[in-house]
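Structure incoming, see below.
Each chain gets a letter, A, B and C, in the order it is written, and its residues are counted from 1.
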Amino acid sequence: MIEVQGVSHQIGKTPILSDITLRLPKGKLTALIGPNGAGKSTLLSLTGRLMALQAGQIRVDGSDIGTTDTRALAKQMAILSQSNPLGSRLRVRELVSFGRWPHHQGRPGPRDAELVKQALEDMDLTALADRFLDALSGGQRQRSFIAMTLAQGADWLLLDEPLAALDMAHARGVMARLAGLRDAGRSIVVVLHDINHAAVWADHIVAMKSGRIAAEGPPAQVCTAEVLGAIYDMDLQVMQVEGKPLVLHHL
Amino acid sequence: MDRRFTLLSLALTAACAAYLFWGLGASWQFVLSLRTGKLAGMLLVGAAVAVATVLFQTVSRNRILTPQIMGFDALYILMQTALVASLGLSGFAGLAAPVKFTVEVVIMIAASLVLFGTLLGRAGQDVARLILTGVILGVLFRSAAGFLARLLDPNAFAVVQYASFASFARVNTDLLPIAALLTCGAIGLALWVAPRLDVLALGRPIAISLGLAHDRLMLLALALVAVLVSVATALVGPIAFFGLIVAGLAHEAAGTHRHARLLPMAMLIAGILLVGGQTLFERALGLQSTLSVVIEFVGGLFFLWLLLRGRIR
Amino acid sequence: MRPALALTLALLPLSAASLLIGAADMDLATLGTDPQAALILTVSRLPRTLAVILTGAALAIAGVVMQQLVRNRFVEPGTTGTAESAALGLLAVTLIAPAAPIWIKMVAASLAAMAGTALFLRLIRRLPAREVLLVPLVGIVLSTILGAMVTFIGWQTDLLQMISIWLFTGEFSGVIAGRYELLWIAAAAAALAWFAADRFAILGLGQETATGLGLNPDAVMRLGLVVVAVVTALVIVTVGMIPFIGLVVPNIVARSMGDNLRATLPVTAAGGAALVLVCDITGRLVRYPYEVPVGTVLGVVGSLLFLWLLYREPARG
């Protein structure tokens, strides 16, 4: 479980997060949703210790991220940011191999090689393994980065808008794989822009607005016209399709 | 890969041999000892600039920057002048050269960490603004150093401040021992953390996610850059674009991003260019002290080409 | 007209101060009676003060014209290779025809400066329009490259001393009557810019807009090149390159007054004169009776101002 307690964050004088207290369930796929500026990415970055905590506490499976050694944390959680411009020209295999770094610190062993191979297979990248990243499509690149986080072998995967710049087919493919990973025992927290992906794939949704938690719970509870309408400040309808909510935000 | 390494090593050995033994006249013992000192100086400077540039480019994640373009060497000159100004000409200048140099290096490390650590942290996206800032800082530091120098001793410092080109012919040999010590120490440290630098190159979020102590490593790298630039500047003076050429060639020659390979390659290439170039200029062409100007020229063209190609990413 | 008036009025006490400060003792009270004092005034102090004012004004205006030609705020003749090209021209004439009269040397320097600036304009045409700060960067690199060429030639021909005076440390300490009069021509060239102020302003809006308004953009561009080249060549030969004036003064004026050149050019000129006066006086006072070259003082002040401009403004065109 990830426990967030009393976390606040501001940039200059602007408050981004106000007193967030939250419990993210283990072994489930949790989606963070909300309008722009709600603080979702900030919360994810703080949880992944990419930014320093200003106020409050965050614990990942009992480890306080403020005091625990960063290398130990890397074995517990893997974070993927929204954009990842690389300085060096890498092949897919090389990138994914870096995922094993927390474990081998520069001296890879046979187990590492095997896990890298597994990660490449899980993300359908075996055929592309020796291609350069800049020669791949957006979807293939994204899968490569996800494969890297997979190879890291951490219990928790934190992903910030992994579907941005992906076309519909690849977006659905990525969500299906994340669900598969959840079934295999990993815990996933993903910031999503498209509410419908959250409605269909997530076990648990945390909705944020203006730096606070506006609603929390399973999709059936959060994805209703009243709740979402209040969060996004718009009139919308919600239908049920195959037992899952379908949010008609575009009508 | 290792073949290239061997080839380059051979080329460097040949260049050194040429420098030492070509055109030895009558009093060869004296000339040889003189040349050995200068050769040592050139190899040190080459290695220092090579490693400093590669490290800096990794930390700033940009292949168009070098410490000199960002004003590191001008900062060193300013620190030097400021130390003399504040501690008094007789007091400070009276210290033994190695001691003086060590103090300068320590202060240089502190100043660089503050200045360039903040700059690299803030600038992030706008690389053009970062480079421009570095260039302006270079002018600022050089002018400030000139200003202080004039305040100290208006008569003695009638020097050309802005474009003091380095001279590889007149290496400052009494600093060689301490310079060698610092350079070898810094390069050794760089090679030791080379695998971690590979992870650093992936970008801050990924590096942190993989459990690297990113900010600490970045500061360490900047400190190493500060030491190496101080050594190079103290030995021969400011060289703006040499590192750019060396780093560019090293990336091409090494064919890999791994620092364990890249750093030694860069050092070899730097040595070949400097020693070979100086031999060529001194012996074959008879043009003393102009190698650095030619390097500025060629390096400047290379930099311009990079800018116009939009490789500024 | 208010800022122009204020600046011009400020020039009066500054000029007075400039007239009074110097290594030699000169008491204004004794002007009438002491021939020595009058001599110092007319041969040294007055020419120097005039030189400072003319240089400041001319360089500031050359900076404005350059910025309109390039359509970028962060350029000036000292950072685009213009000064170095002028130096190349001067070198060429000095080597080929050392006995040539001064006006031939000036023409050669100006033509070379025009060529160098034209090269810069061609280079930046290949840059993407959004990258505002790449333009000054390319200019600086070009001036470094040209500077290396100049230094190389100077080293080989033993003219390095002269080159360092032209390019690297501008100062007014060598100005006496008979050595600065060329600056009046520079001022005249700058005044030419004022007459064509509207044309330059329109050119700054872009080639298409200018043509649409019935202007001939190429002709205005050539006029601009002439102004910039002449001012630069004359300044570097007389006192050496004074950095940053052409860059920071027009920017500061534009921040408060905008880009209506007909109104802002006089203010820019007065502002340039004032800034150089202040720096020159400072240079003369900090280590009295020795002098710190104004180029050094401006190297510090100007770069700080440039950094301020770089970080205060949201890097707009």
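We take it that contacts are C-beta pairs under 8 Å (C-beta built on N, C-alpha and C of every residue); 3 or more make two chains touch, one makes a residue touch a chain.
Everything numeric in this text was worked out from a predicted model, so none of it was measured.
Of all chains, the one whose mean C-alpha position sits at the greatest distance from that of subunit B is A. Interface comparison, B-C versus A-B: the higher number of contacting C-beta pairs is recorded for B-C. The distance from the centre of subunit A to the centre of subunit C, each centre being the mean of the chain's C-alpha atoms, comes to 56 Å. Separation between the centroids of subunit B and subunit C, computed from CA atoms only, is 33 Å. Note: centroid distance subunit A to subunit B, computed from Cα atoms, is 42 Å. Shown for subunit B are the residues that touch two or more other chains, of which there are none. Across the assembly, subunit A contributes no residue in contact with two or more other chains.
By the touch rule above, subunit B contacts subunit A in their complex via residues 58, 61-62, 195-196, 198-199, 201-206, 208-213, 257, 313.
The touching residues of subunit A, when paired with subunit B in their complex, are 48-50, 70-75, 77-81, 84-90, 95, 98-99, 101-102, 105-106, 148-149, 152.
Residues 126, 128-129, 131-133, 135-137, 139-140, 142-144, 146-147, 150-151, 154-155, 160-163, 165, 240, 287, 289-290, 293-294, 296-297, 300-301, 303-304, 307-308, 310, 312 of subunit B touch subunit C in their complex.
If you check the complex, the residues on subunit C that touch subunit B are 74, 123, 126-128, 131-134, 136-138, 140-142, 144-145, 147-149, 151-152, 155-156, 164, 167-169, 243, 286-287, 290-293, 295-300, 303-304, 306-307, 310, 315.
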